Amino acid sequence: MVMKKFLNDPQRVTNELLEGYALCYPQKIKLVSEKIVVRATPKSKDKVAIITLGGAGHEPALSGFVGEGMLDASVVGDIFAAPGAPKVVEALRMFRDYKGIILVVLNHEGDQRNANMALLMANKEGIQVSKIVTAEDIAPGIDAPAADRRGLGGCIPLIKIIGAAAEQGMDVDQILELGERFNKRMATLAVTLKVATHPQAGQEIGALGDDQMEIGMGQHGEGGGNGPEPMQSADWVAETMVKKLIRAVDAKKGEKIALIINGSGATTLMEMFVVFRKAYEIVTGEGIEVAASQCAEILTVQEAAGFQMFIGVFDDETLALYNAPSDAPYWTVR
Amino acid sequence: MVMKKFLNDPQRVTNELLEGYALCYPQKIKLVSEKIVVRATPKSKDKVAIITLGGAGHEPALSGFVGEGMLDASVVGDIFAAPGAPKVVEALRMFRDYKGIILVVLNHEGDQRNANMALLMANKEGIQVSKIVTAEDIAPGIDAPAADRRGLGGCIPLIKIIGAAAEQGMDVDQILELGERFNKRMATLAVTLKVATHPQAGQEIGALGDDQMEIGMGQHGEGGGNGPEPMQSADWVAETMVKKLIRAVDAKKGEKIALIINGSGATTLMEMFVVFRKAYEIVTGEGIEVAASQCAEILTVQEAAGFQMFIGVFDDETLALYNAPSDAPYWTVR
Amino acid sequence: MTTEFTKDVLLKALRLALASVEEHFDELNALDAATGDGDHGTAIVATMKAAVEAAEQPAGLSDTLSNIAMGIMSATGGSTSSLNGSFYMGLSSGAVAEALTPSQTVAMLQSGLDMMKTTTNAVVGDKTMMDAMIPAIEAASSTLASNSGATLSELFAASAVAAREGAAKTADYVAKFGRARNLGERSKGSCDAGATSLALIFQAFADAVAEG
Amino acid sequence: MTTEFTKDVLLKALRLALASVEEHFDELNALDAATGDGDHGTAIVATMKAAVEAAEQPAGLSDTLSNIAMGIMSATGGSTSSLNGSFYMGLSSGAVAEALTPSQTVAMLQSGLDMMKTTTNAVVGDKTMMDAMIPAIEAASSTLASNSGATLSELFAASAVAAREGAAKTADYVAKFGRARNLGERSKGSCDAGATSLALIFQAFADAVAEG
């Protein structure tokens, strides 16, 4: 079967998409060395640089969040594949004279391995880099060890917060402390209705029946929940997921949270709003305040239908940073 | 077959999505009288109000663009159905004391009829309203009469421009003149790979074979091009479409344009970037300058795969207005 | 059997019409999906629901008809809303008494059609609901012209047949209005959704009048 | 038949390996799609391409092996990149001459495995490429231990068999590492993609050595 995607040579898709992205937002970002996205105008060196790495195919993540108030650089691999360590080191070198470097790494085998290898290599060159690992998927259970949890879309609100902190001139330790504070109290859970097609391999990843959904599926169609189950109403799904998330972050009455519905690809904003409505009702029904919210595609998985629901608990400082100005192509705050 | 959508009672979907939307962006917009989206903080009455109307199911359009620098109100119908005239009149009444009212109407049978009826009714109540009709679909041919052309996503960049003009205090005549200037030189063409499912009726709209695409399809899966044809590469599609659009707007060497790839739903940002890359190459190859660009889902058609390509020719004034600040939930410019 | 057109007959007819379009919900959506946006079943069910609700309120015949028009336009949008709204608005002006004789009824129907014509230029052959509406009204009027003693039931029966035949012919037409217009020749082959629903509605009116 | 492991043998083996993973491209993607993200075919083809390109450059055996390691890590990412990279890095340290005797070759393979182990804790039974790698190296080493006159060809033949058998067993294992880990019991039933591709690669090495 022909892939229903707009592609040229599938092996060149990552290069082409990055080229297109750079041509589309030249005032904000640029592409260097084929796979490294940086700001069009770098920030001043007396600030800490925030860098991330990850596979392509999840647009706008992660490169869509390079820009004032968020990332300084995003190192891109091929589709669903973390970049190799040498490319990451190349990016780290660009920021060696900055006040500091923080690398945000999502917890996936490939991302971790290549990041760790890159840190070793950078270290040998005398480049000091700190790392924040996000592993907020609660599919394996809310008490599962961090090593078992995947990093899903929660890295992006976290990047928003530490990116703003870096912009304000905080030093590495302050930013790390702040980041870990938010990191500890954030959680994501995904649900899938239709699986994605791998744009290079051309085949569907995973499988779901015509009347099935799977809560807890990973970012590419890898399972991880309790397996496929019959489809349910939007309200049922929203309620089931948000209750788990509230418990996972242990949000208490009076606390302020971010509530984000992140579409996977084919799921419409219409549906996200319907889901958000119910999740909001449950959250506020427990006396928790939704201080910031969003329904959008921030980290997608090709044309998969489904969404990730995210909750992160704020304190006054993280909330202010979350709301601080930013000018990344896919996250603008005035 | 079960619909692969997150829904509750399909008959309540429009209400629920609008409620969710309003809960998600309370700092920016609010919902009044069930189907009218207005700004959370209205602009001052010594400015012209910009209002639009249209069916739901195309999120974020049109209500996603209510906010500072863009729309003052969006009157929403049911899924794919323009609102009835009485609801439109209700919205118009809210702005009767403003410096003026401009209603933006997309050229679709239902939108036109209900808008015209509403204008008659408003007129009887002494409310003066001016109208801008967008009809920039070039599927019926670049020389087709305006009556035969559908209004597609081009209304949104137009709203961006006239919204900024209204914000700056221009009067109705100035804004109309400006709007018509841009309107005359904008064009959209759509391509579809997979058709949409109607969220209430539950069935697919139109039909496309496994290896087929259709250039010129309308906003919901209605045909209008030359019918289905075999799928082609992203570059082929981009080139074919952009060349027609350049001719339609008669963009000349040295002129500045907006180039927008607007995803229909399931088509990924990755693909849009790949398409953009080629379109950009062709445009700039003809000496035309891409002064503003975007790859995003601004007007969607459920989970249809495909996109609308948009070109609008700027002059200095319209370009400055396009780049002016705005703070709508789905179009923020710093 | 009913001899005069009254509010009771109207209410009964609208209820039958609602049941009929509900029964054909999927079929009407599918017809619209072939050439339009797949929602005419949804739209016409909402339209007839609004009509029934308005007709259930206490009011005379003419006021009821204008309440129906407003009710339709308030409850629904899209193409059908204003077309149907103007039809009932026209009926309202034509309803000169609480109980209309056959000839007054034909005049009322004609008034409905006239009002619609102020909002659409579609004529027979353009593949719209007018392909059912125009022949239906003409059939009532010509039945009366050829037999001045024709009963209400004969009038509506003739309308129903004409509407059904008119709707059936739309399969051969190329659409000139509405969302199907852009399809050109490709719009041939399936019946127009709006004409099909209107034929169902005229049949419901004929049934209501016949049953009394 | 080859008696010593040289750069020529290496290049030949890598070319055969590339051809083999290319041939099994869809199958490897499909295996990964069952429990992971469907791209292991893509990743391993890119890996072996990078390896061949690096091996085609003029350099001695040890340098070639370290160039291969860097080439792989530069060209590809994901889980396989650093695992394969560290394997070739380890081989490079173990390549003490330009032409290795059977026992030097076994020592080199052991050095590759040791380096890999510094970057992964996966052991046999964890449903990863280690299920092919560990038995393959052990087979070469125990073949030599039981017969100190074993030829290069016998060593690699034993490795290939062990890798294939090790990969086949992964179908019964529950994944403990990589993207499949979250599946738990549901990861059973299909072979691990990385172990399967490694078995193909060991077979290619055996073939290259045998053909000489």
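Lettered A, B, C and D in written order, each chain numbered from 1.
Here is the rule we go by: a contact is a pair of C-beta atoms (placed from the backbone, for glycine too) under 8 Å apart; a residue touches a chain by one contact, two chains touch by 3 or more.
Keep in mind that what you see is a predicted model, and the values were worked out from it rather than measured.
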Inset, instruction - Would you pick out the chains that touch chain C and also touch chain D? - result: none
Inset, instruction - Report the inter-chain centroid distance for chain A and chain C in whole angstrom, where each centroid is the mean of the CA atoms. - result: 54
Inset, instruction - Averaging only over C-alpha atoms, locate the centres of chain A and chain B and give their separation in whole Å. - result: 29
Legend entry - Between chain B and chain C, centroid-to-centroid distance (C-alpha), Å: 33
Legend entry - Residues of chain D engaged with two or more neighbouring chains: none
Inset, instruction - Would you give the residues of chain A that are in contact with at least 2 other chains, written as numbers and ranges? - result: none
Inset, instruction - Quick one: label the inter-chain contact graph as line, ring, star, complete or other. - result: line
Inset, instruction - Return all touching chain pairs. - result: A-B, A-D, B-C
Inset, instruction - Flag every residue of chain A that touches chain D in the complex, lowest number first. - result: 55, 77-87, 108-110, 113-114, 116-117, 137, 139-140, 148, 150, 198, 200-201, 203-206, 216, 218-224, 227
Legend entry - chain B-facing residues of chain A, complex: 1-2, 4-8, 13, 16-21, 23-25, 56-57, 59-60, 64, 193-194, 199, 210-211, 231, 233-235, 237-238, 265-277, 280, 290, 293-295, 297, 300, 302-303, 305, 307, 325, 327, 332-334
Inset, instruction - Sort out for me which residues of chain D touch chain A in the complex. - result: 25-26, 29-30, 33-39, 41-43, 46, 70, 72-83, 85, 119, 177-183, 186
